[in-house]
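Look for chain A in each of the two complexes below; its partner is chain B in the first and chain C in the second.
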Partner chain A sequence: MSSTGEKFLVGIFDDEDILLHGVEGIRGKGVKIHEVYTPFPVHGLDEALGYKRSRLPIAAFLFGLTGTILALVMQIWMLGFDWPMIIGGKNFVSLPPFIPVTFELTVLLSALGMVATFFIVSDMKPYKTPRSYDIRSTDDKHVMAIDLTANKMSKEEIGQILKANGASEVNEKNF
Partner chain B sequence: MQATSSVRESLITGGKTVRDVSEDISRHVENKPTTLWWIAMGISLILFAFGFYCLAALLWEGIGVWGLNKTVGWAWDITNFVWWVGIGHAGTLISAILLLFRQKWRMSINRAAEAMTIFAVICAATFPLAHMGRLWLGFYWALPLPNTWGSLWANFNSPLLWDVFAISTYFTVSLVFWYIGLIPDFAVIRDRATRMGNKTRAAIYNALSFGWDGAAKTWMRYESVALILAGLSTPLVLSVHTIVSFDFATSVVPGWHTTIFPPYFVAGAIFSGFAMVLTLLIVTRKVFKLEDYITIYHIELMNIVIIITGSIVGIAYITEFFVAWYGMVPAEFYAFYNRATGPYWWAYWSMMTCNVISPQLFWFKKIRTNIAATFVLSIIVNIGMWFERFVIIVTSIHRDYVPSSWSMFYPTMYDLGEYIFTFGLFFTAFFLFAKFFPVINMAEVKSIIKSSSEKKH
Partner chain C sequence: MAADEQYIFKPEAKRNILILLGVGVVLFVLGIFLAKSGGHHEGADHGTIEVTKSLVASTEHEAAAEAGGHHGSDPWLKRIYTSLWHNNIFFAGIGIIGLFFVAIQYAAQAGWSAPIKRIPLAMGQWIPIAGVLMLIIWFVAKGDIFHWTHHDLYDPHSADYDTILDQKSVYFFWLGTKGGFPTFYILRMVLFFGLWYWFYTLIRKQMLAEDINGGTQHWYSARKLSAVFLVIFAVSSSVAAWDWVMSIDPHWFSTMFGWYVFASWWVTGLAVITLIVVYLKDAGYLKMVNANHLHDLGKFVFAFSVFWTYIWFSQFLLIYYANIPEETVYFVERMKHSPYSWIFYLNLVLNFVLPFLLLMTRDAKRHMSMLKVICPIVIVGHWFDFYNMITPGVMQYNGGVGLLEIGLAFIFFALFLWVALNALSKMPLVAKNHPMMEESLHHHI
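Our next item is the complex of A and B:
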């Protein structure tokens, strides 16, 4: 892999509570954190890092609505207009028997659409090899990556702030 | 920091650390399969092969090879279908409903339970597909596809068509939910393989893990996705067995035409599903030495769900009888009287014993915390639930309105073969899952290690 010239300082945290306090302390000192990689979801980390709430629920709702409309239009058009048939003397278009299929297609499109959106916005796809700041981040370590080019402070200063805020190791990583 | 509640028992025993979780759960994926695994797999494949022969014979000859007749037009096929779909319900209940209720004990068991759901739904789907006889035309009968007969569209007024949509949506959404949960764990195995220098395994799990890196932003979105999928799956799982019960409840056949069916079927589904989860997990925890993750406490909690749902099912059986008597419709009353005292009395009383009486033993703490007793009772429950569907289906139709149309159902080798086929399919799939996938959700278990793990002393 060719070098992109990016320089990172990588702080390793052993415990999620130390990490949470550390994130607040480090951001309080004015250090910009590139991203934190954790082996499991740490509650409160997104707020500590200042991330806005995900808008995926909106995507889920819109896809669900598409499913509802699609299902109703399909059933009403097929049985009511394209080829109306008398089945047990019932109305061609009556809503109650159309509800189960409408419900199922709402759920189906909502779920698939939301998950597809999630994969696209998170840039996840098969065979993608992620950039690894420290391979232990999927095992038991919480890994904080700090982009040195995005910060005005020197490497040594940031390193000291990381250590003072609970990092058990500070490493350099260049890409 | 975080306090451990003194009221609740620890969910993870043995003083495990986050590191131990990766180690203990990834181990069986990384080690060579044991002899026991090969033997189990061999038996499943033999069952599968025999069943496959029966299925091929059915497709070649037509459904005449089954023991159906003019009166009993639905028997083992639909019984097995409902049985397998019911079993599937526990997985989604555990992963979705217990997530919404924030029940942390789900975390050790949801992965295997969801796998069970997916395989059980595949098994269930084979029966209606086989019953079509001409499978290759099934797409046109079951899905609203343009065709050369008009287009003569599928009938959206039919509960059988609702079933097609319900089961396929359920399967797809469960599969997606399960896979989303697997992605972070595949990344664990990928990174471990990289560290061990196993390039093949690293490449395979790299492909499967979709480039997962565990970034805080991705975790935030991931949790949002999981919560919404749980919210969508909860009404979905309830709708699926409701719609399965509509196959019967919307008809006018005495014994089927009851408004109690939807809740009664859903309770029965969860009942049988938890029994199957117990059967599978008691074996899995032993074989993979996961006693610290799937503890007696987990087993006890699942047994409590079994008592509750088993009692709901029991009340439903009694309510049906009461309504048949109180409703004063002679045909309806006869259907129930015949169920309990007619030629299928043995099936009815097997059902009552297995489903209503045997789970009541779990009121005793000694029994519900005993692994051997739980294992035996979990199998008994599933035998009972098979009889329940058989009783509902066959006893309601075998005595038609006109006595000259009275008949009995006798299964043939092909009826049995179809059932065996699904067992072969189910266990083959489950053993493959247990060998190649992490059987416990590592990321979720790691997140509760601090609050719910027994501390080292």
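Our next item is the complex of A and C:
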């Protein structure tokens, strides 16, 4: 992989409690954290990192609404105008039998749209090699990545802050 | 752990409930006078009703019988009976759902609900009262509410002989004589309330003993009892729905009906639990309960509003599509005729559209102000739901929602609140030694 010139400082944490307090302490010192990788979900980490709530539910609602409208328009057009058929003596356009299809298309579009949005937003695509700041984040270590170009402080200063807030190791990683 | 709370049933709360009761009584008495003087209103709809009646008469014997009007009390008295039965079924359901909620928590080994379990437990105190009321109302009003109790329906020599009901008669009259005392039916009513109350006392005993003794043995005992109760409730709630609600329209049947009544009870009970938790928190109780617990309660109300709609629609779609007169008559009565038509559609708005849209976001479920709006909507909505299950079958086209029905609902609500809050004040508000209290304290979603 060719170099992109991005420089990161990587702090390794052994324990999620130390990590949680560490995140608060490090952010309190004015250091911007790029991302934290943990081997398992850590409750409260999103809040500690100051992440805003995901807007994925809004996308899901809009996709669902699209599905609802699409299903109703499709069925009304097909059975009411394009090819009217008498089924069970009901009106050509009768709402109750349309509901199951409408429900299914709402759920389908909402689910597929949500997955697609998630993949696009998190930049997950085929043949993409994921960045690994430290391979041990898939095993037993919590890994904190700090983008040196996004922070005004020097490498040494940030390294000391990391150490002071519970990091067991501080490494450099360039991409 | 702040688990040392005691609810005090304050004089102000008692006074407010008594005011509610007083308003209910005044409305009820006014309603009786209005109903007596106004009589039953048959007017503009007369023509269409007659057409429907003749359409229906071949399958729905009672419509014809009512048109002839050869049995039953005055319309205003029938209205009181119907409303009593309706309100008692509705509030009996809320009480039994209290116990059901507790049992579900034990069976699922749920930790989050540890600090709020005393509220549904207190609601269960209504079960024996509802049972006694149910028996009394049944014996007073059976001839007016339950068409199948008339003995000439089972007499082959009578002009009113009804083959269909004769074939179903074992279900009511087993162990007795046809058209006489419905031994099997009453036995079931007594048995169900007896079993429910028995399990209520057993589970409550374990929960309260845990406060004193600590340890996990009471939790395990309560879980065992809960599992047994849930199996019993699965059967008894369905049969109760057939007995107490579906048998009002004795020719009609729906295999979804047990589920339908249960779904309506369950979501109402959840809304009542949520509302009581919210108001207790407003009054400064339940300090351990935070937005995460409210979120779970809100999710329950949201999810089971959708579940109710699913059951409602499943029942409706099959009957609509099959288009068999014996089945569709039920919806024709409710959808197409003036006293019930608006309730039929209102039912869907209050119980599906509003909870679905208003409770959809995460924030709505976590904020008490939003829950205070939606839970009453759901409770009122399901009151109307039960109204439309019960009244059309008894009152035919003479029903209506007036001061009488609203007043009686107030009376029942006041009595229910009194019993539940009184029970709540007799035990620690928060379990003292619940093994999962610590887990609930850190509940985070």
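FYI, the second predicted complex is superposed on the first by the 175 of 175 C-alpha atoms of A that agree within 3 Å, B and C clash if a C-alpha of one lies under 4 Å from a C-alpha of the other, contacts with A are read in each partner's own complex, and residues count from 1 in each chain.
Quick note on the criterion: contacts are C-beta pairs under 8 Å (C-beta built on N, C-alpha and C of every residue); 3 or more make two chains touch, one makes a residue touch a chain.
Since the structure is predicted, the reported quantities are computational estimates derived from the model, not experimental observations.
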Chain B versus chain C as contact partner of A:G25, first or second or both or neither: neither
Touching partner for A:P130 - first (chain B), second (chain C), both, neither: first
Touched partner set for A:P57, first chain B, second chain C, both or neither: both
Residue contacts with chain A in the superposition, chain B compared against chain C: B
Partner chain in contact with A:E35 - chain B first, chain C second, else both or neither: first
Touched partner set for A:M78, first chain B, second chain C, both or neither: first
First, second, both or neither for A:G44, with chain B first and chain C second: second
Chain B versus chain C as contact partner of A:P97, first or second or both or neither: both
Residues of chain A contacting chain B in one complex and chain C in the other: 53, 57, 88, 90, 97, 100
Parts of chain B lying in touch with chain A, wherever the complex brings them together: 1-2, 17-19, 22, 144, 150-153, 155-157, 159, 161-162, 165-166, 169, 172-173, 176-177, 180, 183-184, 187-188, 190-192, 194-195, 206-208, 210-225, 228-229, 232, 235-236, 239, 243, 246, 442-444, 446-447, 450
Chain C residues within the chain A interface of the complex: 313, 316-317, 320-321, 323, 360-362, 444
Chain A residues touching chain C - in the complex, by the definition given at the top: 43-44, 53, 57, 61, 88-90, 96-97, 99-100
Chain B contact footprint on chain A (complex, rising order): 16-17, 35-42, 45-46, 49, 51, 53-54, 56-57, 60, 74-75, 78-79, 82-83, 85, 87-88, 90, 97-98, 100-101, 103-105, 107-108, 110-112, 114-115, 118-119, 121-132, 135-140
